[in-house]
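Attaching a single structure in structure tokens format; questions to follow.
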């Protein structure tokens, strides 16, 4: 326990501030999200899909990467948001921003209601319960044809122009701008949340949930809160998909969507805020490229990728990069 | 004499195995009590009962005048009854400062705040830093816990407990796994804690026990055998028997 | 010490980053018996776990019949002839008493008949599930279970802990017969120092992970002052 | 009225027996090793395609292919256990879930590559076709065969686990791994054998399932949900529990689809959620 003289690096405030400061790479990342407008104007529809998926992955990161809740049914909230805004529009209210809020509210309320169950269970039981809720909702939407259109999808969604002026266009200019702005705003919210005292408490739960009560922490309340927030953000992502595509397919609630998003998150690196974003960019672009060639073998490569990531890249691509960077800096 | 922590007739058994029988302990404010006894005497179990990690089959537990027998663990911590663990149970990826700041934030009710950055919690951060400084951990406060030396992790255990501003501190073998020279240093740090805190510690090194405890409680087989000053305990024949067996003097 | 059955050479061991034992060296000859004494928490159980291969050895070596077994996994050590009776007895709860005895048995002198002769109570309870036994019966079963593997060395971790006086007598008599009549090599970890010393040839006292004292058991038993200082409640000035 | 009811009951039991064969291996390995193996049905698929290949390419009779389905699935699973699973025994559930989902993904693509995405029909031998009538209802011969095989295997499993030394070794290793090692039991080997056994049974289930539910590359995921539900409801590591849970779920699934087709699989999921919330370790958990 040798004590060294106090150096500037031990100043607690300076160190904490440094953790929250914007890194130049972050700024570069967000500037790069503008590139599709200039470089790939033909791919703006795909870009908006990526932005939506990235937002959904970000919401999953909050519970999986930060609070350590393994969910195989997160698409439930994505789907709830998608159907909520879609049904709202079908019944005569197509205003996009309130539509987003409505999607967030419905998903958030259901998230809050189920969070009481989620916070009580752990391990395999928790995985099975999240899976069960996801499947249950899928079946419900499938059978409630009168409300959701069932397997045919929800038809007749009409979205009004944003602020009453900006029309959604065929090329995806509006869609991508809109999705990107929503993503960025909610990313700012998540980023702030992660660097807040509450974010610290979440990391505490992930690191050692058993220890939390011994420092007086109401872990269950923390978990309920983040689960609700995460559900609401997933709901916004779902609503965005509805509004930019003007339809809702049953697929929004599918197990495949939950699984794919978990894959993206882990591929990019869970618990790192940008992991889900990077993961969805890579996943979605790769799928777009590969599916042109041989659609049914797409999952072969995803499977291989998953095995490789789990065995060799425990913290995903971002984790691997930062390890590499650290080694390169001090050889 | 105001009692910081007291128990009345606390019982606990697992099936046919009795781990606590009629435990009555009175821990006055500011005192340092040692809890000793052979393996399996029920010392850690008693701490688990007092902190609410186990539910007693019978009896009552008071913190000050308040009956806390039915309260969940986190609630007892908020009232000022705090423990450390025999084996390090920390937050490996959090820095020492983050860990202690978290505990401070939980205490002052700021841990649910998600709209403000951590650096804005200046008071909490300052308090955490002061605690770390008092335990001589300031120099390593920005290192992840997993990178700290074992002895430093033991100190961090105590720092986490202090951050909750305990009235009563229960230390379960605070020096377990620490080399001998470092354990003295550790107990010096414990001895230097505020006299407002009542401390009950489990420890097997009799040199440490007799140096730092004002009174000693001896547990055997889930019961309290005897309680007394160090001088009384060291000359008690029953205690000697517990520690040495009785093949010759029985 | 060419004829040592088991030797520890300057062993440092512990769990993860925690160092529990440091600089431990001793030899146990064939048919020898060693008492390991010390207050609780000093590393006595860890010493047996280290001999079995359950801890991380940071330095030093464990030799078995002169061969280095420091890196050998626990189940191989057991098969080589080290029998272990764990402190918490660790009876398999979903196995009957007889299954507990036969599940890991290996051919040799010790068989069901012989352990039932040594512990007649177990015969009465042979159909019971392991979790329906009293503390004393569990200890007998744990000891008998280790014997059924026909070990050359028996490690006993506080076999008398928490037992009623009459059972303590019964068990210590059985252990005594094992050493005297069967010539079993023993390492006996005990807090009941005087019983342990009366059952063994040699003794070591452990204090905070190192050997603080070595003596012939007979001599240490006569040396009350040292016993008090190392195990009892007398404290250094 | 009573006729269709008994018929549904019979079909439900047969379907339940199939689910039992598919899930019992997962229940045992999950209960023993705490390893979340979502690729379990991929091993079942290996068994199914083994039977298809042996019958179509080599002209083997159906019944003879069944032992090979067991052995092939067991052998393949051992390779995976040695290389990919073992390093992750102590890893987080998330890592186990992702790794095994990855393996299941790969298995789907590999099956599609070799066999295409179409169903693989097989021709049953004459003595397993048709039906027999009793009490005015007709019982499908193949379903009777399926029930007999499943019950025989359940009996064999229970006898092996409860009354043999190998079974005692398995139970001891589950009870207390450290003590088992300390007595000289090779726990890793015990687990590997149990794992192979469980996967082999899944392979057998996969082969027997072709006649009832068909076989295509999506099998690895379609039946995974059912298998997980059986395991979760039956309780980890409990053979009797798996048998009862599989029967219950088989009957309620068949009955649900017959009497209230509009609810679909909804009922099954609801039952699972309620059971898990009531008894998180399952109805017949060992511990």
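Order as written gives the chain letters A, B, C and D; numbering starts at 1 within each chain.
We adopt the following convention: a contact is a pair of C-beta atoms (placed from the backbone, for glycine too) under 8 Å apart; a residue touches a chain by one contact, two chains touch by 3 or more.
Worth saying up front: this structure is predicted, and the values here are computed from it rather than measured.
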Least step count from chain B to chain D, where 1 means the two chains touch: 2
Of all other chains, the one whose Cα centre sits farthest from chain C: A
Whole-Å separation of chain centres (CA-atom averages), chain A against chain B: 41
Chain B-chain C separation of Cα centroids, rounded to whole Å: 31
Rounded Å distance, chain C centre to chain D centre (Cα mean): 44
Centre-of-Cα separation between chain C and chain A, whole angstrom: 56
Per-residue overlap in chain C, given as positions that touch at least 2 other chains: none
Chain A residues counted as touching two or more neighbouring chains: none
Of all residues in chain B, the ones touching two or more other chains: 149
Contact graph of the chains (line, ring, star, complete, other): ring
Every chain pair meeting the contact rule: A-B, A-D, B-C, C-D
Chain C residues touching chain D - in the complex, by the definition given at the top: 52, 54, 73-76, 78-79, 84, 86, 90, 92-95, 99-100, 102-104, 106, 145-146, 149
Complex interface listing, chain C residues touching chain B: 14-15, 17-20, 22, 39-42, 87, 131, 134-135, 158, 161-162, 190-196, 198, 208-209, 221, 227-228, 231-236
Residues on chain D engaged by chain C in the complex (per definition of touch): 165, 168-169, 171-172, 174-176, 178-187, 286
Touch list for chain B against partner chain A, complex: 51, 72-74, 77-78, 82-83, 85, 89-95, 97-99, 101-103, 105-107, 110-119, 121-122, 124-126, 128-129, 136, 138-142, 149, 151-152, 155, 160-161, 163-164, 182, 185
Interfacial residue positions of chain A with respect to chain D in the complex: 64, 70, 72, 117, 121, 123-125, 127-129, 131-133, 135-136, 139-140, 142-143, 255, 259, 262-263, 266, 270, 296-300, 302-307, 309-311, 314
